[in-house]
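Should a chain be cited, it is by its letter among A, B, C, D, E and F, assigned in written order, with residues numbered from 1 in that chain.
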Amino acid sequence: MEVTTYFEEYEIGSKRMSFGRTITETDFVVHAGHTGDFFPHHMDAEFMKKSEFGGRIAHGTMIFAIGIGLTANVINPVAFSYGYDRLRFVKPVFIGDTIRTRTTISEKLDDPRRPQMGRVVERVEVLNQKDEVVLVCDHIYVVERREAAA
Amino acid sequence: MEVTTYFEEYEIGSKRMSFGRTITETDFVVHAGHTGDFFPHHMDAEFMKKSEFGGRIAHGTMIFAIGIGLTANVINPVAFSYGYDRLRFVKPVFIGDTIRTRTTISEKLDDPRRPQMGRVVERVEVLNQKDEVVLVCDHIYVVERREAAA
Amino acid sequence: MEVTTYFEEYEIGSKRMSFGRTITETDFVVHAGHTGDFFPHHMDAEFMKKSEFGGRIAHGTMIFAIGIGLTANVINPVAFSYGYDRLRFVKPVFIGDTIRTRTTISEKLDDPRRPQMGRVVERVEVLNQKDEVVLVCDHIYVVERREAAA
Amino acid sequence: MEVTTYFEEYEIGSKRMSFGRTITETDFVVHAGHTGDFFPHHMDAEFMKKSEFGGRIAHGTMIFAIGIGLTANVINPVAFSYGYDRLRFVKPVFIGDTIRTRTTISEKLDDPRRPQMGRVVERVEVLNQKDEVVLVCDHIYVVERREAAA
Amino acid sequence: MEVTTYFEEYEIGSKRMSFGRTITETDFVVHAGHTGDFFPHHMDAEFMKKSEFGGRIAHGTMIFAIGIGLTANVINPVAFSYGYDRLRFVKPVFIGDTIRTRTTISEKLDDPRRPQMGRVVERVEVLNQKDEVVLVCDHIYVVERREAAA
Amino acid sequence: MEVTTYFEEYEIGSKRMSFGRTITETDFVVHAGHTGDFFPHHMDAEFMKKSEFGGRIAHGTMIFAIGIGLTANVINPVAFSYGYDRLRFVKPVFIGDTIRTRTTISEKLDDPRRPQMGRVVERVEVLNQKDEVVLVCDHIYVVERREAAA
């Protein structure tokens, strides 16, 4: 779905929660194969059984990619993704955990180089089935100003 | 391969370059299916033909995940990944582009909460076949100090 | 996204058009591997070069599954899918074609066994980039009546 | 394997049973990624644990595509698939169920537009490991007549 | 399909030819991800453009696995696969090549440890679209003797 | 990583052990889909429950491809893979088994046709988590002689 939202219309504090998705052993295998990272932390059940974690833990890049993917259902044609700040892996994710992503508009800034645009910061929190935050980051969008579009 | 490297042994300015990997249409389809992000920017050749880009562009999360994956060949058992800062999508990546990842040790810091550990910042640059930087970020590791291990 | 729509609220003639998706060689390979159907019509470029089609053609089950998948973005919690009627493969789909799905509410019927429900028929048309219909079917939903919910 | 079978040679009532195939969590993840349908019914174990089903249920389009795929082992060069009628999802399929497909030649008809062809209807029943029918449909083939070929 | 064939019934010199299958870029990416072998010979188009081969070449293990897979359509319940001898990679396989597998019963031997069984050697040749042999090996089966079954 | 090793530098008896990798149900499904081999031995849990094995067993070609893939982390630019001898499937591999690959330089031979090259035979043993050998083969490399390179 496409919904046009100008810079002025983003409201600090507004929140969205995604659907849930269970992280499966399949996702571990697909992500290893997709990225080439076959480190035993993700792929060797015997090795991880004896570790402090007690089992295989998800690739950080996977929880990031799927966590962001869960929010990808509305296209804003007047915005584009500029980057991410302060991406942190707060807790491990195990096979069978179910994650959801909560996004909160946390900041609005002028764009230093583009007066007709502004920057919108969306706080991203990926939660597991116990409502624990497992990953956080700040997603920065560059968004057209309505006044500029007028 | 496993190589133990303590905090003291990281040298500011030391660099590594990964092998290259061609980003294929398959990677686009796999990443969409892995993350659930089927936005037309990545999946609709007709729509993108008429866009300013002239063709489908890679998911940012994919270039990040594969770019980091290209560096995943040596395990340091006394380090763990803490997170990423200043992740930026500098240029679009198209089907058929070949990427490599250059990492440079850029900073060493005390860990505010763990005196026996330090933080090592690795500057990550993903390059395309024209040696243009397409993605940058700072990868932060927490690494054991040799003195603490002694 | 979840949107509750009762039987009474479906309007005959109302239409939706999905985003587009380019059908890639990857999709052919994934579908063959997913279903076990490796017939040369889908997998052997040399064989098909000499056929009346001039190239590999998509599995009918794939265009159906992806065509329906393109419409899967709003969940109606008071409806469920009952089945499909008159599924027809109207034109072949080739690697590189871009499909979209148009759905039209075409019929509303009493449910013979469930007085508190009704049946909604959605006409599904999968189109290619030339706006040609490549697949049609009637998707039958069983939907709660608002009066019954009251 | 290729076996030529003309319209006249199809016998009403003749049956075939496919091999079995266990439907895995992997198949669920692959089908979601292949079609873009990540609805929680298929992907969110926590959500479905509390539902009437007690667990994730397979996409209808997947059981159809795999159920038909199980029958794809003999090519008849004088037949092509015309479409499907009365496709119904009779029972849910869960992770770990094992399905097989039974096909029965159920009807033979003249082709209204092609006198040299006939229509053969194959009744398709997908069964689970308890011999319960989970999906049914009528597969319609258009088949050359031997007399026309002579 | 299941066909019982006893040791005595294998005829030296009898041949089968499989269907064809085009080896796609997708297969390269899937095989790398499946095995973890991302060597630039298979994955880096820029690197291989300048090599003696002029382009990416298939993993040997992939042509072996797919070449053998092409022959997997008849199950003999009185035989099992013992191993392979003299597996050789005769010519490189490129993206877009179409392979078929020709098998020839080449030898019949007593089984040294199982008098009620015999060994059947099947010569396997994988051919490309120019009828060049790209891979050969000897597939050794251990097969029940009919006399022993009687 | 690239490490140049000439024929003279290979030492008979030198060994390497790979990381471990747990063989998952996902790998079974991916391998079936990659090769087209959907035999019930690998795919039908009900059928195999009643067999002598008690459960689905891995494709031999998969354990070979993944077992070899586990060793693919150092490229020797003066060597190429010539083929494999005496590939044997010693024990079945089940879903959940964790494999590692041990390689031992076992033989050095003149190359009959290339005086500037030699043949190095690497004994490959794939082990499971009980340290049982499940697959063996001899990997034959053709390697440049240092004296020839001088």
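One rule holds in what follows: a residue touches a chain if its C-beta (ideal position, glycine included) is under 8 Å from a C-beta of that chain, and two chains touch if they have at least 3 such contacts.
Which protein is which chain? UniProt says A, B, C, D, E, F = MaoC family dehydratase.
From a predicted model like this one, the values you see are computed outputs, not experimental measurements.
Chemist: Chains touching chain D and chain E alike, please list them.
Modeler: Touches both chain D and chain E: A, B, C, F.
Chemist: Computing the C-alpha centre of each chain, which chain sits at the greatest distance from chain C?
Modeler: F
Chemist: By how many degrees does chain B turn when fitted onto chain C using C-alpha atoms, rounded in steps of 5?
Modeler: 120
Chemist: If every chain is reduced to the average of its C-alpha atoms, which one ends up farthest from chain E?
Modeler: A
Chemist: I want to compare two interfaces, A-B and A-E. Which one has more contacting C-beta pairs?
Modeler: A-B
Chemist: Report the inter-centroid distance (CA atoms only) between chain A and chain F in whole Å.
Modeler: Their C-alpha centroids are separated by 38 Å.
Chemist: How many angstrom between the C-alpha centroids of chain F and chain C?
Modeler: Each chain reduced to its C-alpha mean, chain C and chain F end up 44 Å apart.
Chemist: Could you tell me which residues belong to chain D and also touch two or more other chains?
Modeler: 21, 25-27, 30, 33-34, 36, 38-40
Chemist: Based on which chains touch which, is the overall arrangement a line, ring, star, complete graph, or other?
Modeler: Chain contacts: complete, every pair touches.
Chemist: Applying the document's contact rule, which stretches of chain A touch chain C when the two form their complex?
Modeler: Per the touch definition, chain A meets chain C at residues 1, 73.
Chemist: What does chain A use to touch chain B in their complex?
Modeler: Touch residues, chain A against chain B: 21, 27, 30-31, 34-40, 59-62, 64-66, 68-70, 72, 75, 81-89.
Chemist: Flag every residue of chain F that touches chain A in the complex, lowest number first.
Modeler: For this pair, the touching residues of chain F are 19-22, 24-27, 30, 96, 98, 129.
Chemist: Please output the residues of chain B touching chain D within their complex, sorted ascending.
Modeler: 30, 32-34, 36, 38
Chemist: Going by the contact rule set out above, which residues of chain E touch chain B in the complex?
Modeler: Its residues touching chain B are 25-26, 28-30, 33, 38-40, 43-47, 56.
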